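The two complexes that follow have chain A in common; it is paired with chain B in the first and with chain C in the second.
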Partner chain A sequence: MAAASHRRATEDPLWAKVLVIGTVMAFLALVLILPLAAVFAEALRKGLDAALLAINNADALAAVKLTLITAAIAVPFNAAFGLCASWAIAKHDFKGKPLLITLIDLPFSVSPVVAGLIYVLIFGLQGWFGDYLVDNDIKIIFAVPGIVLATVFVTFPFVARELIPLMQEQGTAEEEAAVSMGASGLTTFWRVTAPNVRWGLMYGVLLCNARAMGEFGAVSVVSGHIRGLTNTMPLHVEILYNEYDFVGAFAVAALLCLLAVVTLVLKTALEIVQPGVRGRGGH
Partner chain B sequence: MWRARTLDDDQTMTAETAARRPPAPPSKRTLFRRRSAIPGFGLTMGVTLTVLSLIVLIPLSAVVLKAAQQSPAEFWAVATSQRSLAAYRLSFGAAFVAAVINGVFGVLTAWALVRYDFPGKTLVNALVDLPFALPTAVAGIALATLYAPTGWVGQFLTPLGIKAAYNPVGVTIALIFIGLPFVVRTIEPVLRDAAEDVEEAAASLGANRIDTILRIVLPALAPAWLTGFAMAFARGVGEYGSVIFIAGNMPYKSEIAPLLIIIQLEQFEYARAATIAVVMLTVSFTMLLVINAIQAWARRFD
Partner chain C sequence: MTISIRSVDKQFGRYPALSKVDLEIADGELLALLGPSGSGKTTLLRTIAGLEFPDAGQVLFDGEDVTFASAADRRVGFVFQQYALFKHMTVAKNIAFGLDVRKGKDKPSKAEIAQRVEDLLKLVELDGLGKRYPSQLSGGQRQRVALSRALAVQPSVLLLDEPFGALDATVRKSLRKELRRVHDATGVTTIFVTHDQEEALELADRVAILNKGSIEQIGTPDQVHDQPETAFVCGFVGEANCFEGQVGGGEFKAGALRLPAGGVRDGSATAYVRPHDFVLDDGGFAVRVDRAHVQGALTTVNATAADGRPIEISASRAEAPRFQGTVKIAARKAHVYAA
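Presenting the complex of A and B:
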């Protein structure tokens, strides 16, 4: 391999490698790294104290709390759904399976704004249940339940699409063996299936959580933007930005960037611990 | 649908075998669980269908029903108003251009990640997923600040006469950010699985490297490339958070279709909002069918 003439036929010449890697690095620096750097630079423009002050106030903390509450409901819900759906789909045979998988994937093809709109049409004042909800003094739209619903919708497929291909790949032999030896369905799930899919489940939950905490469009439609009450972190970023409080907006944005970085680190760690966890479901 | 199959099976039985058949088994569940001894099908399928209907299917039907409350003429007037048409043109046009640009750089990125070793590869690999992990509003304000006339990048574009932010160009920039991982992550596994021996064969038969790449490698990547392109395009058409900060949001000029829905909503024009939503849903579902068709087509070569 010492001389260039000995390079394998499928290996590109050095100049091509340098050109491709250089182009890719320049492109990624421009498209991905620069925005990330800009967030931290803008947040720290007036020093660390100003940035910390923007995070450590009642409105910002209320937004952080609402974001955490929303994710704490939406992510376990979708994880439970994903486990249910993948058990039914991957471990059993029935007609119309591709259609069902497509329907579960549907929320990924729907604009976030439309995802918010559908719940306004159902639970809003003029919606299907508008009169009933007003009469009984139940608030869903412009309140926390609407925010949770919209978040559940946009993150709906994450866990399921991770687990379905994984469980299909693993087949049913181990579960059948367990059942034939007398294990109950639940025991089979906990002792056989769950250990096999735990990395895939974590991977799906990780991506689901990142989207749940970061969702903007769908939540923006149903939230009503009431400070301290129905403002999630991304919505708080928008309000501050539109008020020209750039340090405040970018300080909260930097917090969300940290979330993204932690997500990517954990995701990379999962891929190292369990090679092949990526790419089954795409996304 | 899966019920129908078992009924058909029964009907194909002759009267004689039917008569000799033992009485119906106490549990019909064996009919559902075809070729599977694993329990829990009824429960998990029931939960799946119920939750899917309540969260996704019934709410989505609300938007269609709302739009259908208008007369066809009203629907058509809203769906094809000058302002709506301008918004679709921008959303679809910018999403298309961004997907093409991602198509080029996405292939290069996937190629570098799969075929080359270089320092910082793990970092680059993790970074590619940043648009999946970063909240769109954060990307939006960061890009708007970068490409504003005084921003880090914008200050170099202004003397060249390029107005990036608050312009369709800005919309395209935001959609490039959003769409990149879709292209890279769809091409990457295909490239990884692609047999290098075909390339070796081409080379040993006298093809030079460029010919091999153009005529052997790229055609094999075509289905994955098209899938990634379609996914990036579909995501771009509906994207809102990363776009509105940099778009400028001028009616007829830099107003994207999802923003038009929000504007109609704020004016309590629910039927009009639903109309534009139905147009967008129709396009998204068409894209979904196209993606499925491409993947079915690609499986024929396996």
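Presenting the complex of A and C:
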């Protein structure tokens, strides 16, 4: 027993720790922090006024508005769906459960571009429902509904993936206790199941929100890039960049980054408040 | 309330959990369901509670068929193995839950609920802890909360699944007494599941012993211990030395051991002898004493018979010095079952 040493059995020697942590830090700086810093640097290259001007014009504001609307529809929808799906999967046994679990993961494994194309194929002019939609003057593709649909598709696993392992871990004993005391199914859900997963649910919602605001590929396919109408923030960034309006492009990108940073700060705050909440599933 | 279980069958997939179980429980009785893990005892308890539904057979409460009534409609109090307290509610809210979820005129007033919670906390000696959360309580306290929560709805039957399984020995003993006291104070029909025979024999009015989904024997603690009806019960309840041997002409033989076996058919058989039924006897057979140690008022002797069989003997403390070297012993009582 070496009294001087406080090393635990699982602790690595100093050089190994420095090497591992150093590598991770250098990698993060290179691929995450440097680009993020570049975004803000480019945005402010011609001063704060120029950057604010780039954001404060009709097209840019329309893009911000559309992004927020899309997130405001997609996130609650996916929160509700995720809660239902995880409840069904974790607390009940039924045929086809493995299939449902696989399906929930589908948006993660399918390329977002393909996801967008699926909707064009279904709701586009030449698509399955094309004639019906034209006849009834309903616009989905190259309009807001298409953007919302594509965003919902891409972001729907986030909440479910967060909640399924959490609910499975908690088991059904508390629900059984509630039922044995005379509570109805709905009462049991609201008063026992939901409070037990509220932190996991908020975590999933935040991740879902971050992705909903940032989604590019699927939205790009269905949007049609109509300025002031069907451009979300990521699409608007691309258009400005392609027009060599670098300050404008980076200014909007910086705003998008700020939204993401706010989301991450909220997420971290959640982890501090409720240490049990950690990213389990998801990306 | 009386409870009747009539030829209940239950399968999980292909594995039978209960087969043809019959059980009558009298009003105000305290019954233990005792058995090894996988014997179906928890399934039987959950079937009575309405948390599982049988494939065949009936469950009657006071003669009324409740086989497929939901748990919510049965008015049972259920105490879960891991307590299943609501983590996000205070102790008082946990106990009040069953009253709080009632609707309309069935729901007591706030003051009534508070009073009931107060009374129950007093009953289980947890006064003043109503504002705590379950995570701030010890295992024994959590168990008491679970018990009072189950009692809050004034259940017609109280069901407990391995109620003391997760507790250490001392707390367990005191909670056992507590359960008996609460049972006697409320008079509610109570059924509890346990794999601990000591717990079942000490606490229950009657014990039902389960094995592989069937009830092997139902009786008072004395009956199942002293007059076991099957080899399983004899081996499971109480300590016993087990001997494989042959019965011929009303006598069981295994090596030098001879036991009376009247009424057992000839052929191979199993004999059980309780450690305290072996006594020093010059007319008996010889065993070599390996170790004799005193435990409280008793002496436990580990010995080996001439043919190498290990034998455990329990004697009084005063007899300890006599168990040295080779001694002669005989069985004053034995249970012999045809194989």
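The definition used in the following text is that the second predicted complex is superposed on the first by the 269 of 283 C-alpha atoms of A that agree within 3 Å, B and C clash if a C-alpha of one lies under 4 Å from a C-alpha of the other, contacts with A are read in each partner's own complex, and residues count from 1 in each chain.
Keep in mind that, in the parts below, contacts are C-beta pairs under 8 Å (C-beta built on N, C-alpha and C of every residue); 3 or more make two chains touch, one makes a residue touch a chain.
Here the structure is a predicted model, which means the values were calculated and not measured.
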Task = Using the overlay on chain A, decide if chain B and chain C clash or can fit next to each other.
result = fit
Ask   = Looking at the overlay, does A:Phe27 come into contact with chain B only (first), chain C only (second), both, or neither?
value = first
Ask   = Who does A:Leu229 touch here: chain B (first), chain C (second), both, or neither?
value = neither
Task = Using the superposition on chain A described above, determine whether A:Ala85 touches chain B (first), chain C (second), both, or neither.
result = first
Ask   = More residues of chain A in touch with chain C or with chain B?
value = B
Task = Figure out whether A:Arg191 sits in contact with chain B (first) or chain C (second), or with both, or with neither.
result = second
Query = Thinking of the overlay built on chain A, is A:Leu270 touched by chain B (first), by chain C (second), by both, or by neither?
reply = neither
Request  = Considering only the touch criterion stated at the top, classify A:Ala50 as touching first (chain B), second (chain C), both, or neither.
outcome  = neither
Inquiry  = One more residue to check, A:Val179. First (chain B), second (chain C), both or neither?
reply    = both
Note = In whole Å, chain B and chain C in the superposition are separated at their closest C-alpha atoms by 5
Key: Touching both chain C and chain B, counted on chain A across the two superposed complexes   = 176, 179-180, 184
Task = Mind listing the chain A positions that touch chain B in their complex?
result = 8-10, 12-13, 16-17, 20-21, 23-25, 27-28, 30-36, 38-39, 42, 81, 84-85, 87-89, 91-96, 98-100, 102-114, 117-122, 124, 126-128, 149, 152-153, 156, 172, 175-176, 179-180, 184-185, 188-189, 207, 210-211, 213-217, 220-221, 233-235, 237-238, 241, 246, 249-250, 253, 256-257, 259-261, 263-265, 267-268, 278-279, 282-283
Note = chain A residues touching chain C in their complex are 173-174, 176-184, 187, 191-192, 195-196
Query = What residues on chain B touch chain A, complex-wise?
reply = 1-2, 4-5, 32-41, 44-45, 47-48, 51-52, 55-60, 62-63, 66, 105, 108-109, 111-112, 115-116, 118, 122, 124-143, 145-146, 151-153, 176-177, 180, 182, 185-186, 188-189, 196, 199-200, 203-204, 209, 231, 234-235, 237-241, 245, 257-259, 261-262, 265, 268, 270, 273-274, 277, 280-281, 284-285, 287-288, 292
Query = Which of the residues in chain C end up touching chain A in this complex?
reply = 49-51, 70-78, 80, 82, 84-88, 97-98, 101-102, 149-150, 152-153
